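Look for subunit A in each of the two complexes below; its partner is subunit B in the first and subunit C in the second.
The block that comes next holds the complex of A and B.
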């Protein structure tokens, strides 16, 4: 039971990092990306590769993962600068499909569909983090800085610029703001912080394959942000906790056929997404109307 | 000969993609609802057809009717009980998208529970390939697919340009307020759009069930393709969506001559990505991307 709770808490921390970083571009910059799982994946694969081939020290692995994801995120920034709305969604969808293909086909680096196995435990100054309690502490120690960095950034002039761009790009432009650089920066920051979650995930599981970084993950992350409340600080965390606890409930219903548990969990996710969008589209923390930020929450 | 074979396969697959894309484009163009669950209408039609023909052993004509009714009902129920309530308070693009994606997940997993996750196919003598030229195999089904696609597309164009309802549908995409001012109900019109759009997924679903087979995840793939075709063709242009569907089918199959099959979906999306970067309005679309 304790092991189960620890596992769940660690996964909640990892997903919360992803939801917070996605909210950073979705809620504040108005960039609705459904390719977030790709940066999670890039972080995880880079971390696994570095840990297997060089060193498992988190002070090497996490910065390298962040750099690689940050560099690749420029590919996402490119369409974000040119188009909005459904066009950008389609572009990010394209990136998502492309990324999954690369993850599963670039066999020499990613191990193909089989993935990468035997990733060594995270190493902090020669101390290997193997105990679940210690790993949870490590995950929390990553979640808090991510939360701090994003909230400090959003309180700064950078955050105000982002919101200005989200609400009216031409108005921000008229005020002499460099829209292209601010948008690109927000995408790069979001991808770099998402890579931290990827590195944690790779260390925690000890095994990664493409299954964890598919379109479903991206949409689940998006659902976490929207259900929790887009453009609020607490929203993504609430959404993550809610959606991560949901499948656990079904594991206790012993009357359900065990072979179909996976499908039933998926159906419950789907149903939760549909019902919440109908009855609470602004999210649980939100004001009832999405994309309108409360002054206090920011 | 390999290239000719791939070209023929490409046109056949492209004809099916075109039909599905036109359905999605019709719905998205007139109601601005990002109907991601359009792929689910396809899956439902295909599985109902499979169930009636291969499991219940009912005559195929009745099965076609059953599949059509199922797909149209799905579209109508989804619009009435999911999209209309969401649009009542606010029609944010992403709210609709997430709800629609949720429906897709539900349908995929229900089909998996009911029919299993493996590939199934309806056995039909029409899918037996014949050797037309040495090394060139063509099944009667590919001819049928192309004819059906053309017939449906011409029929749809006539319906939209000649009938009163068709014209009202086009008006809905231009200006819903004006439609209301003319005493028509945008709500009833969007029901018709959903019925028609979902119905357009049926022929493609039946041909896939009889041809390449289906699994519960097929709707997902189909949806990605029709989304790509809608954007590449230009949002709001049915002609564009149809052409782009054929183009993507061709690209997917011709790429097999040089790449492994796992890359075919990625190639579709490279085409899409380039279009969005360099020509976001598509072939025929109005310039709407800002």
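The block that comes next holds the complex of A and C.
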């Protein structure tokens, strides 16, 4: 039972990092990306590659994973500068498909569909983090700085710039905001922090393959953000905890047919999303009022 | 009156010459078409320092389109827009804004989910990077300026309210507060007082007069003739993208032919 709880808590921390970083661009910059799992994957594959071929020290692996994800995020930033709204969603979907194809086909680096196995445990000053409790502490030690960094950024002038662009890009332009730079920086920061989750995941699982970075992961992350509360600091964490706990809760409901838990879970997610959008469109933590987006409500 | 139509802006040079301040913004032979529709037709106009110019004309005359071309939201097909001698055509919106040209929008385009205070503060933060220059002193100065602007616009009590939750008149004043927070030398105001009640637009006029006394240059699109008369040093009359007259308010507003165009009676 303890092992199960530790496993769940660690995965909650990793997914919370991803939800927070997705919320950074989705909730504050208005960039609705469904390619976030790709940056998670880039972080994981880079971490695994470095750990297998160079060193498993987190002080090397995590920065390298962040740099690679940050550099590749410019591929996402490019369409974000040119298209908005549903057009960007379509463009990010294309990137998601492209990323999955690269993960599954670039066999010499990613191991193809078989993935990368035998990833060594995370190393901190020569100490291998193998114990689940220690790894949970490491995950918490990564989650807290990510939360702090995003929180500080969002309370700063940079956060105000992001929100200004989200609410009215043309007004932001008219008041001297370099929208291209601000959007690019937000995407790069989000991807770099998502790579931290990727590195943690690779170390934690000891094995990664493309299955963990598919479209359904991106959609699940988006659901975590929306259900928790888009554009709020705590919303993504609440959404992550809720969606990660749901499968466990269902498995304890013995009156449900255990072979159909997966389907029941999907129905519950779907229903929760629909009801939430009707009765609490701001999410659990967010405002109950509907968000009127973009340059409406003049 | 036919002379006005025949000669366009050149009919009133004596009136315009009353204001001989520095030409901040000079528009020359500006043209813009959307498909077959000419929305700006060979417009030439000077905006001089410390002068309030009002753009008047019926709906669809091309007034907002002219603003959009000045601020870089639209690129003219031909012609020049010069800011203190340097062309702004082809520059990005934010570069034009940073040169000292600020605008408001007819549909306000407030930062709806930010508070009133944040709406004003974010306009005052000059860089797009993560931290602003000047450290704590500059930050405190910005906060003091925000409070001062909110006091003057009557929004101090709503500082923590989201823009989307404001009443209509308050939203209009927030739009003004934002432009007051800029260091711009020219304000382009797109129907800033439309929909305001009498007491609100008296406050608006007071605000504007105070700023103009400090040397600000203003160009307003306005339909409310009380405001037009109350604030304008000069009026430019546009119709179907063409500048028909440009001169003192008394002269332009009393012209029966322009009145006929404005009020829709073409038989006068």
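Keep in mind that, in the parts below, the second predicted complex is superposed on the first by the 260 of 298 C-alpha atoms of A that agree within 3 Å, B and C clash if a C-alpha of one lies under 4 Å from a C-alpha of the other, contacts with A are read in each partner's own complex, and residues count from 1 in each chain.
One rule holds in what follows: a residue touches a chain if its C-beta (ideal position, glycine included) is under 8 Å from a C-beta of that chain, and two chains touch if they have at least 3 such contacts.
Predicted model, so just to flag it, every value in this text is computed and none were measured.
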Have a look at where A:94 lands relative to subunit B and subunit C in the superposition and call it first, second, both or neither.
first
Identify the partner contact of A:185: answer first if only subunit B is touched, second if only subunit C is, both if each is, neither if none is.
second
State whether subunit B or subunit C is in contact with more residues of subunit A in the superposed arrangement.
B
Tell me the contact category for A:85 with respect to subunit B and subunit C: first, second, both or neither.
first
Touch test for A:107: subunit B only (first), subunit C only (second), both, or neither?
neither
Just to be sure I read the superposition right, which of the two partners does A:176 touch: subunit B = first, subunit C = second, or both, or neither?
second
Considering each complex separately, which residues of subunit A are in contact with subunit B in the first and with subunit C in the second?
291
Contact footprint of subunit B on subunit A as seen in their complex
32, 78-79, 82-91, 93-95, 97-98, 101-102, 104-105, 215-216, 219, 222-223, 226, 230, 260, 263-264, 266-267, 269-274, 277-278, 281, 288-291
Flag every residue of subunit A that touches subunit C in the complex, lowest number first.
153, 156-158, 160-161, 163-164, 166-168, 170-179, 181-182, 185, 231, 291-292, 295, 297-298
Write out the stretch or stretches of subunit B touching subunit A in their complex.
28, 34, 82, 85-86, 89-90, 92-99, 101-106, 108-110, 112-113, 220, 224, 227-228, 231, 235, 260, 262-263, 265-266, 268-270, 272-273, 276-277, 280, 289-290
Listed in rising order, subunit C residues that touch subunit A in their complex are 71-73, 92-94, 97-98, 102-103, 105-114, 118, 121-123, 125-132, 164, 171, 178, 182
